[in-house]
Amino acid sequence: MADFWNYVESPLIDGLFWDVWYNDQAITSKEDRNILYENRMLGIPRMRQVKVRNNSCTVHDEFRRTFSTCYDYFSSASEDTEPFGLGTGTAWTYSSPEKLDTSSYWGWLGTYGGGGFYEDFSIHSKETLEKIKVLKENLWITRGTRAVFIDFTLYNANINLFCIIKLTVEFPPTGGATPSWDFLTLRLLSYQSKYDYFIFACEILFIFFIIFFTLEEVREIIHFKFRYIRSFWNVLDLIIITLSYACILFNIFQFVKLSDVLQGLLNQKTTFANFDHLGRLQVDYNNMEAIALFFAWVKIFKFISFNKTMSQLSNTLSRCAWDIAGFSIMFFIVFCAFAQLSYLLFGSQLERFSTFINAMFTLLRILLADFDYDAIERANRILGPLFFVTYIFFVFFILLNMFLAIINDTYSEVKSEISSRKDFEVSDFLWRGVTN
Amino acid sequence: MADFWNYVESPLIDGLFWDVWYNDQAITSKEDRNILYENRMLGIPRMRQVKVRNNSCTVHDEFRRTFSTCYDYFSSASEDTEPFGLGTGTAWTYSSPEKLDTSSYWGWLGTYGGGGFYEDFSIHSKETLEKIKVLKENLWITRGTRAVFIDFTLYNANINLFCIIKLTVEFPPTGGATPSWDFLTLRLLSYQSKYDYFIFACEILFIFFIIFFTLEEVREIIHFKFRYIRSFWNVLDLIIITLSYACILFNIFQFVKLSDVLQGLLNQKTTFANFDHLGRLQVDYNNMEAIALFFAWVKIFKFISFNKTMSQLSNTLSRCAWDIAGFSIMFFIVFCAFAQLSYLLFGSQLERFSTFINAMFTLLRILLADFDYDAIERANRILGPLFFVTYIFFVFFILLNMFLAIINDTYSEVKSEISSRKDFEVSDFLWRGVTN
Amino acid sequence: MADFWNYVESPLIDGLFWDVWYNDQAITSKEDRNILYENRMLGIPRMRQVKVRNNSCTVHDEFRRTFSTCYDYFSSASEDTEPFGLGTGTAWTYSSPEKLDTSSYWGWLGTYGGGGFYEDFSIHSKETLEKIKVLKENLWITRGTRAVFIDFTLYNANINLFCIIKLTVEFPPTGGATPSWDFLTLRLLSYQSKYDYFIFACEILFIFFIIFFTLEEVREIIHFKFRYIRSFWNVLDLIIITLSYACILFNIFQFVKLSDVLQGLLNQKTTFANFDHLGRLQVDYNNMEAIALFFAWVKIFKFISFNKTMSQLSNTLSRCAWDIAGFSIMFFIVFCAFAQLSYLLFGSQLERFSTFINAMFTLLRILLADFDYDAIERANRILGPLFFVTYIFFVFFILLNMFLAIINDTYSEVKSEISSRKDFEVSDFLWRGVTN
Amino acid sequence: MADFWNYVESPLIDGLFWDVWYNDQAITSKEDRNILYENRMLGIPRMRQVKVRNNSCTVHDEFRRTFSTCYDYFSSASEDTEPFGLGTGTAWTYSSPEKLDTSSYWGWLGTYGGGGFYEDFSIHSKETLEKIKVLKENLWITRGTRAVFIDFTLYNANINLFCIIKLTVEFPPTGGATPSWDFLTLRLLSYQSKYDYFIFACEILFIFFIIFFTLEEVREIIHFKFRYIRSFWNVLDLIIITLSYACILFNIFQFVKLSDVLQGLLNQKTTFANFDHLGRLQVDYNNMEAIALFFAWVKIFKFISFNKTMSQLSNTLSRCAWDIAGFSIMFFIVFCAFAQLSYLLFGSQLERFSTFINAMFTLLRILLADFDYDAIERANRILGPLFFVTYIFFVFFILLNMFLAIINDTYSEVKSEISSRKDFEVSDFLWRGVTN
């Protein structure tokens, strides 16, 4: 925790407040608060912490005599909302998430609420340092502190991008500290250039196209009724349309929200600029858009089976789908068995095996030759190498090859069928020629 | 060795004794000996060394005139049990493993006995530093010292976990020092929460299930007699049952042992907390449990061959088992030949080829694309690259593909058999229809 | 930018001007300006910058009140050619690319023009430092500066090699700085040794051979007319001949150009040695030569199908070419779909996915087991692992195996055909024997 | 070069002369010159340099006015044997390789002769430092110096091992310095323990066995005459026997040589201990032994084809040998074409492609997923990625799969043949039963 205060006092403050130009002359206008010379800070940074109550966990009977305090992992049930320290000001009294208009944050060691004890920095580095000094000397970070967040937002006028930054330090109940960061770069405002009018025209076109496409599908649904849903391609169409509508709605909602935030910010420059919800919206929007586009790509396959070679290939893939699926289940069971084994053998020693899911990903990465054998050997000097050899032999040497065997066999089948059918067609053709 | 003392005097002592809170105020109650603010040390740390006698090895005749001393690798036969230095106190007189109740330790460079010369630290950093100074000035570490161990145990009340720590520095007879560490995290005490009652209920249920399962298998054994052992699934059942009983017994034994240790510790706080045996038990228990669960996973395959696809796949695997096994032997011989070659060529230069077993694992890792070609080239500039190309060509390009060829061929066979059998069944069915 | 000036003042100047020998005695002849003791600097280094105009981009309406300046990425349209600072001298007034005889440079963040504001260093370190000080104190690097180049050329007489060095620091409109370098090592002068006469003879021979080869192909073209172009081998011949002529021309042009530059340089030693065009020529020449040789290697295959095994193998490859090509298209579509997905999901977080092309290369490298899974997981904690597993399963486990299935099947076909043809030939032969 | 002298004066001297024990008390007996407390230095270290003459290369006409000196790469023809500097003593006058009894050394940048200018250190650190100071102040290292060697030998009595150490710094004519090292660990003396008598007995047994084996093969040669050499297994036997004899002879020769060196060393302790030839012998001996053992492993295959599975597998491998060989040639041609291309494209930028051989190994490592794509992209931003994709597609996706196709097809053939043959045998057997 001493390290944390050292970080806040020197590199953080120096990084946030660039007071001098490179020839050591102070930058003239105090209003120009730029980072890396080109990025303007919007509003002021905010430092917030969440705490848990003492006795939020129960100490075992045997140790109850020697341990009087116990601080659990963070959970909304065990959150500490009592004033502490100086007892006045936002830094020492609890503010609810609703008041702060902040959503909860999913950190590496837990999910933290949006409320807490916060202190807004000043726009001048000197005042900020004094505020921090007060916090430090009054033991703002206690043994119950579970996470400290530092939030601020930058805007680069040259390239018209916002950057929403959240620096997090998590203090787990095991002691120690885990720092992490979250940079979110957004184009929230559209340019006023010609190119933007072109983009705008495209967006309008897209909306019309989606509406037309929807009507088409509705007609198909009315016509085919339940049979409609049976076709893979129709389901795909439905998904794409749904995601497209969601994207459009998100876009509109975001535009409205942004106007609100910016209006507030431009009126009063020395408040904290809360881009929390906007950033969250944008991330969800991006993910949805990405998935919609991915499905649109998949749709290309509908139109691709035009010539013999292509249909032969896509036939192979669709025919062996069941065998592949069946084998995937078998593969998955063996994989789970090994994951379970590795999780129990190495989980307490190696971070990469620390949960069952982690162990599965680590084993998958071993198949792709991305592994640290030395760590496995160090974790368990007898069972480690034994596990490794067994896994490589059964999964890498044998099971992985089954995928290939299935595909290979199906391809041969499909090809011989097609060529025999072609022969048939040829003979059929000849027959017709004869009978004519 | 100067480095060792430097380490002990500064980072170790600072790390073990956290005297001040982050605002540089001394922590009030001296009783609160926490590390990383949250972890309580149980008892006091102990530093122990094992030595070998002078003349534990024989110097060659040619050099006998110039070399008067000779210290071998550690072995119980060559262990030095004579008092030395000041000659009094546990630090200078030998204590037997029985007296210390410590088992032997398998380090990286050898296996060290549980006895030796030890010094228990104090609970205050100042006293401890003085003790260390005495040891250092009286040359506690001699040329015969083969390993120094620092043992202590932490308890984190927040998450109810013990952490048994053993820091080791090995001094091989070649000179130099090899540090290593051993962290063992254990949940030895069960909570008093509701969740724990649920776990307890599950354990009781598990015991009843295992007993029922045992009776079932006993009945089968009586019925089938010797034929019982021939089935792979029955052998698997036996293994699972045996391992389960062992786990249950371990669990009970551990509970009893822990009560003893904790009782002693809570009564007298300034002694060394010997969790040596408990940790060892827990490790064995974990490994056994892991293997039992792995076999339980494998049992799923007994129930999986329900539909055509699945049985076709498991048929393929079981049928090519003999061919795979046969080829594995051939593969292993070629592999051994290359391992032998690489061991003799690079063993004296590269740590990864320093033993035959190491060389085998290194070659296996080359197949998985985890290798350091530059080191091989550096070790032998002509034969290194030659060896590498030969190995890659024969083993990676050719032999590894044989596994695939075997599986591929067997799969084709099984599939064509099944489809022909199906044809047969269909025709059989038709036949019956005709004859009826 | 302070970092940039620090770099220029100390490591750069120290590196460029080696004034003392290792026993701290000043090197006697001031004329001997060697780097690393052995490399002579030709002429003097030049430092040049390119700038963009203020208001080269438009600030959004909402922020127009607070942002008065806006500097875009570099483009020739937005380049600043106005004098600034002191307003006199080459460092403060614009020189056009034609005047500087410098071509534009393709940096990591954009393409920069060949003109700009430059300052030639002196041959003495002291004078140079003073020049730099003037630049620094008059704020030579402004917020509009987009790149600074430092150009110089070394010559090593021992091994007769030129080294053209361009150190670049790019200042993007986002703030920050991106350093890069460009070392080009050239053998521009041929030795006067015996070996060079041999090379010269080879070159003459090569020219005669190419002329003969050309005549041959011209004859073939006249004879076959349009059918000529249909053969793969003829097209290959044409490409090789064209590239060879281009190489010869380049070589001659370079020789003439070099004489000019060296003549100017030897007459006046304290000017900047402009090897810009020569280096550019040489790079193009090398690439052309490399490609010509590659095609020449491919031509070997024309002559290789001499025995049964070889023709069987090359038959297999040429026959499955269409299937491979067809499947490659399918593969490419799936690949693009995944690249699009990963680009949108991770593009704003990870540099490796920052463009669509980058995303494609990153996915290709995942197939080759060169990836950073942790970064993917950090970028998107839910969709990241999901994407990874989906990609590995569909592309690595399934699609990649299709290539193998196609080749495998074609090989079996070709082999059985050849052996049946052989049987036929044998029976044919027998038949002839019978009928005779 | 200043860096070189700094290294020699401080870390090297401190490392070679351990004067104090860890409690800062000087080690009593000055005779005990141990490194890392346990390793005795034999004799004294020697520092030797080799130089080339000025004007060992020719400067180009154009530059002859400005360059008066020219120092080539090292070759025995251009070696400088003139006295220089102080002109007296071994450090300033040339000693021939015969006088120094040192063989030439193959460094990273060339092969250096065994002669040169050398200075033997003293057994005391103070005297040594003075010697070095004299060398430095009189410019011992000149612009013609091409390599400096520091040779010494350690002996560890505890484990009876010699360690022959050669530290090398090469000064190429391009400027700069390339340090490298050579550690050779040898068991030159055999123990006087019981285990050694057992080893000795084994060696005697081995010699008798080899003699018996030789007689056997001689008999076979006499019997089969020229047909003998046609069998693969007989050739293997010959190779193994020849290598075995060579190993035995080496062993004897080494024993004699070692006695000489040690005798001289024990008589006079303050001379340089020349283990140069002994080390060289041992390396050759080890390599020969390794290869002999590798061939002995291969012999196991002679005896392995005992049951059906094994013979089926070895049949497959031996039958597809020709196809594999044929394809390997094709593969090699394509591989060479790509290696040539990459060598010319990236050779001047990337060390890994700096020679044709290096380029081949780098491409091989790309197939094994050990590559640095970023470096390739940096070296040539357009052709680099293009080359990479082309190479991966043609070689990794297509050609590599041909190996598998060949093996797969041959295995199917062999298996169906064997099973048909078995059917035949069965029917044959039935037939016999019928006719009986």
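Per-chain numbering from 1; labels A, B, C and D assigned in written order.
The rule we apply is simple: contacts are C-beta pairs under 8 Å (C-beta built on N, C-alpha and C of every residue); 3 or more make two chains touch, one makes a residue touch a chain.
Note that the structure is predicted; figures quoted are calculated from it, not measured.
Are the two sides of the chain C and chain D contact the same residues or different ones, given that same means over half of the numbers occur on both copies?
Different, since under half the interface numbering is common to both chains.
If you average the CA coordinates per chain, which chain's centre is most distant from that of chain C?
Farthest by centroid: B.
So what's the Cα centroid distance for chain C and chain D, whole Å?
For chain C versus chain D, the centre distance works out to 35 Å.
Quick one: report the Å distance separating chain A from chain D, using the average Cα coordinate of each chain.
It comes to 50 Å between the two C-alpha centres.
By residue number and range, which residues of chain C touch two or more other chains?
369, 404, 408, 412, in rising order.
Mind giving me all the chain pairs that touch?
Once each pair is checked, the touching ones are A-B, A-C, B-D, C-D.
Help me check something: in the complex, which residues belonging to chain C touch chain A?
Against chain A, chain C makes touches at 1-2, 4-5, 57-63, 65-67, 69-73, 136-137, 139, 141, 143, 173-176, 322-323, 326-327, 329-330, 333, 336-338, 340-341, 344-345, 348-349, 366, 369, 371, 373, 380-381, 383, 385, 388-389, 392-393, 396-398, 401-402, 404-406, 408-409, 412.
For the complex, which residues does chain A have touching chain C?
Interface residues on the chain A side: 21-23, 31, 34-40, 106, 155-161, 183-185, 189, 191-193, 262, 266, 286-287, 289-291, 293-294, 297-298, 300-301, 304, 307, 309-310, 312-314, 316-317, 324, 328, 361, 364-365, 368-370, 400, 403-404, 407-408, 410-412, 415.
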